[in-house]
Amino acid sequence: MSKRVIAKVISQEEISPRHFKMVIDAPEVAKEAKIGQFIHLKWVAKLNEHDPLLRRPISLNEIDQEAGTITIIYRAIGRGTQLLATLKAGDQVDLMGPIGMGFSIPEDTNKFVVVGGGMGIAPLYPVVKKLVELNKEVTVLIGAENKGQLLNLADYEEMDVELKASTVDGSYGYQGFVTEFLDDTLIDADYIYTCGPEVMMEVVQNWVIANDIKGEASLEERMGCGTGACLSCVCKIKVRNESGWDYKKTCIQGPVFPLNEVIFDD
Amino acid sequence: MSKRVIAKVISQEEISPRHFKMVIDAPEVAKEAKIGQFIHLKWVAKLNEHDPLLRRPISLNEIDQEAGTITIIYRAIGRGTQLLATLKAGDQVDLMGPIGMGFSIPEDTNKFVVVGGGMGIAPLYPVVKKLVELNKEVTVLIGAENKGQLLNLADYEEMDVELKASTVDGSYGYQGFVTEFLDDTLIDADYIYTCGPEVMMEVVQNWVIANDIKGEASLEERMGCGTGACLSCVCKIKVRNESGWDYKKTCIQGPVFPLNEVIFDD
Amino acid sequence: MTKPNLAVDLNGLKLQNPVTTASGTFGFGPEYRNYVDLNRLGGVMVKGTTLNPKLGNPTPRIAETPAGMLNAIGLQNPGVDHFLARILPLIKDYNFKTIVNISGNTVEDYAKLANKLNVEGVDALEINISCPNVKKGGLAFGTQPEMAASVVEAVRAETDMSLITKLSPNVADITSIARAVEEAGTDVISLINTLLGMKIDIHNQEPILANKMGGLSGPAIKPVAVRMVYQVAQAVEVPLIGMGGISNADDAIEFLLAGASAISVGTANFVNPEVTMEILDGIEEYLVEKGYEDINEIVGKAIK
Amino acid sequence: MTKPNLAVDLNGLKLQNPVTTASGTFGFGPEYRNYVDLNRLGGVMVKGTTLNPKLGNPTPRIAETPAGMLNAIGLQNPGVDHFLARILPLIKDYNFKTIVNISGNTVEDYAKLANKLNVEGVDALEINISCPNVKKGGLAFGTQPEMAASVVEAVRAETDMSLITKLSPNVADITSIARAVEEAGTDVISLINTLLGMKIDIHNQEPILANKMGGLSGPAIKPVAVRMVYQVAQAVEVPLIGMGGISNADDAIEFLLAGASAISVGTANFVNPEVTMEILDGIEEYLVEKGYEDINEIVGKAIK
C-alpha cells in the first residue's frame, strides 16, 4: 500500500556529471516495495513553495528492507531534479510510494535478458539482483552516452551475470547502441526486461516479436497524481476491443507492462 | 550607487525565537552603505524558482566597511523571511543595495533621542553608533514584546548612551509602551530618530510637534522594484501644493523622511 | 471549547463540511483511499462524465508551469452507463456527497446525462459548461450567458436534484454568466474551471501538450479565482463553491471570506495527497482561534 | 561564427533587438541605469501616461501571489505635459526606442494624448485599452471589439507614428479584439496586460490591496500569455510584442516561437534588475547554438 512519508536523506552523491544517487531512510516504503515500482517525490518537507509545483516520479534502484532504506539514481535535468540534487544528508524529502505494478518473474523460466538504455538502466538493477538471487541465467545489456552513465556498472561487474555494455562515445565497451547486441546470435533468451528511450524499446519489442518470446517494459509518462486519479500518464496498450487498444494508467497499472502489448506511437 | 550582487552568508543566528541575525559578505555594498539604507534581497543565488517571487527589503543593522560585511536583523514571519532563515554560513543570497536615502545628522545639534519599537529598532542601531562616534548626547528608547526582541540591547548597554527599554510582557525594563517614556519630563532633545509601528511613530510625531523639535522617521511600505520604477511603495508626504501632500517613493526617496512631514493615515 | 459547526447547506445540498474535491483531480474518490479518510470529505466531484465513453487526448497531457500546471486530458472517462453500473455502487455509501460532473457537446447531451443520473446515490450534478459546443462552432457554452442558461434549463427540466453550475473563467464578465445560470435555475454555482493556457518546448519548438492548449490550474490561478468568487458572491443569491489553486487551509479560508460557502481542492491533491484532511483541520483551527462557532459566520466576510 | 541578426522591424518600428521593458515596470528607463546598459535595450515602454497628472491609488498597492504579484498602482504618473517637458529630454538620446504607453477615460483623452505626443523623440505609442471607460459604465475598452477599435481609430487620426495596441487578457476571445484593432489601423499589437485578481488577508479578513482588486502579473500568467500570442499570431497580420511572466531567455524564446516578433519584460525586472541583459544574451546564445542567422527565423516557429 502506497503512502506519503516525510523521509530523511541518508546520503547523496554525484556519481557522474549531473547523475545522482540518493539513499533515503524510509522503512515503511522499503518494507512494501517491489522491484519495478517507483516513488513520487518532492524535494522539500514543507509544501509551502509552489514552484516547481509537481512531484517527480523516480524508480527504485535499490530496496534494502533490513536497513529500511531505498536508493534512487536520477539525472538532474530540469528544475525539479536540480533542486533534488541540492539536498544533503539529513535533509528531508516528501515522498509517496511505493507506487505501481512492478516486474514479475515468470516461474519455470531460466534464461533472462535485461536491456537498459540511459536512465532506463536505473529501474532494472533490482530485477537483475532478484534474478541472480533466484539463480537464473542473466544477460545484462546496457548502453549509455559514456562510461559514467552506465548505471550500476560496477555492481553488475561483480555479479554472476553475462554483461555487455555499449557507449555512444566509446569510453567503455562497444561503441554504438545497446540494441545492436540483440543481433548477436549468441543471445538466446526466454524472457526479457527493458527500459529506456522509446526508440530503443521499440527495437527490443520487434526483436522479441521476431523471436517469439515475451517480456516486460517499464514506461515513462508525465505524471500528475501518481494515484490513478488524473489520467495524465496514460499509455496505449493493446487490448481485445474494437480499436485494438486502450489507454492504461502508467502510474498504477504500470509502469511495467507486457512488452508485446505496448503501442509505441506517441 | 546601488548594485546587484550575489553574496555569501558569513553567519546566521537565531537571536530570539523567529528573530535572526545574518552577517553577509558584501564589500561593494558595505563600502557605499550609509546609515538608514536598506538592501532588497532574495534567499537564493539562482532565480529559477518563482515562488515566493519578490525580493524582501531589510534594513542595514551594521555596516562594517573594513571587514566588507553587512549585518541584518529580521523576523521570520512570512514565506520569504522563513526561507531566508533556513540559510546557513556559506549559502548565497542575491541582493540589491545599498538603497535609499538614509538618516542625516544635523550639525550643531547635540542632544538626540532615538525611539524604536519592535523590528523598528533594527535600522536605528547604526545611527546610534554614529552619534556616539560623534560624541553626541544620546537617549535610546526601545520597546518590544519581550526582552529577546529588544534588538541590540546588549550593544546599547555597553555604549555611552542613556538607555530606557520597555517590554509588553515586563520581561525587561518598564512594562508598557516605549512611547510612555516620552512623557517623562527628564527627556529633552534637539532631534529625534524613530522607526516602528505606525501608531507608535504617530505618537512620536505628535510629541515632536508639541515640543517644536525636528526629527526623522524610517517608513515601511510594500516594495516591488526597489529602484523607483514601480510606484508600489509610495507614502504620503506633506508638500506645498494644492492638496498639501504628494506621494513619495519610500524606496529611493525614503525610507527615511522628515518626521514632521509624514502623513500617517493609510 | 466546543467544536465549531462545519456543516454547510448549499441551497438544499447538505455537506458535512465545506471541503470537496474538484472534478478530474480526485478520480472517483477511492484512488485516494490510502491517503485520505474519504468519509471525512464534504463532497467528491467525480471525473467529468459524458454520455459515451471517451478516450481523451493523446499524451503528453500535462505540463508544469510556474506554480501551476496545464492539462488537456480531453475528458477521458468510461461513460455514464459504466459509471452507474460499476462505479457508483463503490462510492455511494461513503459519507461524502457524490457529485457527478457532466459534460456534453450539445444541450441534449446534458439533458440525457441528467436524466440517466437521476438515481439514488447521486447527490448532485455539477454542470461543466467549459466544454466547447460543437454545434455552435466550438465556442464554449460557458462564455455566453444565453448558451450557459440553455444548458442549465435543459438539465433542470430533467431533474429535481441539486444542480451546481461550474463556470469557466475565460470570460470578460463572470457576473453576467453567473446571473444567467442563476435565473436558469441552478441551485449552486461552482467556480473556477481552468484558464486556457499553453507551453512551448523551446528545444523541439512545439507545444508540449499533444493538444497544444490546455487548462491552467494550481496556485498560479488563485488570485483570479478569488476575484471571481468575490464578484459573483455579490451578483447572485445562490451559494458558491470556490476553487482554483487552493493548496492549504489559509487558501481555503480566503475563498470562504471571499464569499464561497464551500471549496473544492484540485491540483493540490497531486502535490499533497493528504491536503484535504489538512485543510479540514486547518479550517477548524482557524474558527476556534478566532472564536467562531459556525463556519457560515465567515462566508463572505471580506466583502464590504 | 558571426553574430546572428537581432534587429526586428515591427511594421516600420525598428528595434535593434527584440527586448523591451513593459510599461509600469521600468519607470522611464533611468531608474535601472545602475543595473542595465540602457543603450542595449530594444525599447522602453514608459509608465502609463495620462492627460493630467494622477496620484493613483492608496497603499498597499501590491501583493505577492504564487509565482506572481497583484498591482493596483492606479496609473500614478506626472501627466503628459510633465513627461514631454521634463522626462523625454532625459531619455530620448538613448539607443532604445521610446514608446509611450497612453491611457484615458474617454476616446477623446486618447486622441489628445496622441496629438500631444506627436513629437520628435517619441518613437511609438502603446495604447493601453485595459482602462475602464468611465463613459460606458467602467467596462474596459479592451473587452469589446468595437470599443477597442474606436480608441485605435481616434489615435490613428492624430498621428502617423507607430501605434502599438496593448490587449487585455480578461476576455473570452482575444482574437476578435486583435482583429478589430488591426482593422482600426494599429501597426503592432502587444499582449498581454494583467489578469484581474485579488488576494485576501485572512487575519484581518479584507482584501490586501487598498483598491481591493489588482492586476496579476509575473510567471504565473505566462501560460495564458503564450496561448494568447499563439492565437493572435494566427489571427492577424501585424507583428506582435509578447509579454506576461517573461523571466529569462527561455521564456522570451517561448514567446518568439509562439509568434511574437519582440518581447517585453515586466515583473521580472523587480526580481532581477539585470534580467533584460541576461535575456538579450540568452536569445543570442540560443540562435547561435541552433544555427540561426536571424532572430526573425524563429518567430512563430511553434505554429503548425
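Here the chain labels run A, B, C and D in written order, and each chain numbers its own residues starting at 1.
Convention: a contact is a pair of C-beta atoms (placed from the backbone, for glycine too) under 8 Å apart; a residue touches a chain by one contact, two chains touch by 3 or more.
What you are looking at is a predicted structure, and each value in this text was computed from that prediction instead of being measured.
Could you name all chains that are in contact with chain B and with chain C at the same time?
Looking at chain C and chain B together, the chains touching each of them are A, D.
Name the chain pair with more contacting C-beta pairs, choosing from A-C and A-D.
If we tally the contacting C-beta pairs, A-C comes out ahead.
Among all other chains, pick the one whose mean CA position is farthest from the mean CA position of chain C.
So the chain farthest away from chain C turns out to be B.
What is the distance in Å between the mean C-alpha positions of chain A and chain B?
Those two chain centres are 54 Å apart.
Could you tell me the distance, in whole angstrom, between the mean C-alpha positions of chain C and chain D?
Computed value for the inter-centroid distance: 34 Å.
Which whole number of Å gives the spacing of the CA centres of chain A and chain C?
Their C-alpha centroids are separated by 36 Å.
Taking each chain's centre as the mean of its CA atoms, how far is chain A from chain D in angstrom?
46
Where in chain D do residues touch two or more other chains at once?
65-68, 218-220
Send over the residues of chain A in touch with two or more other chains.
As it turns out, chain A has residues touching two or more other chains at 48, 50-52.
How is the touch graph of the chains shaped: line, ring, star, complete or other?
Shape = complete; every chain linked to every other.
Please name which positions on chain A make contact with chain B in the complex.
These residues of chain A touch chain B: 48-52, 79, 82-83.
Where on chain D is chain A touching in the complex?
These residues of chain D touch chain A: 66-67, 219.
Mind listing the chain A positions that touch chain C in their complex?
My answer: residues 1-4, 42, 47-48, 50-55, 80, 94, 96, 221-235, 246-247, 266.
Using the touch definition from the top, list the residues of chain B that touch chain C in their complex.
Against chain C, chain B makes touches at 50-51.
How about chain C: which of its residues touch chain A in the complex?
Checking each residue of chain C against chain A gives 24-27, 31-32, 34-35, 47, 55-56, 58-69, 71, 73, 76, 210, 218-220, 247-248, 267, 269-274.
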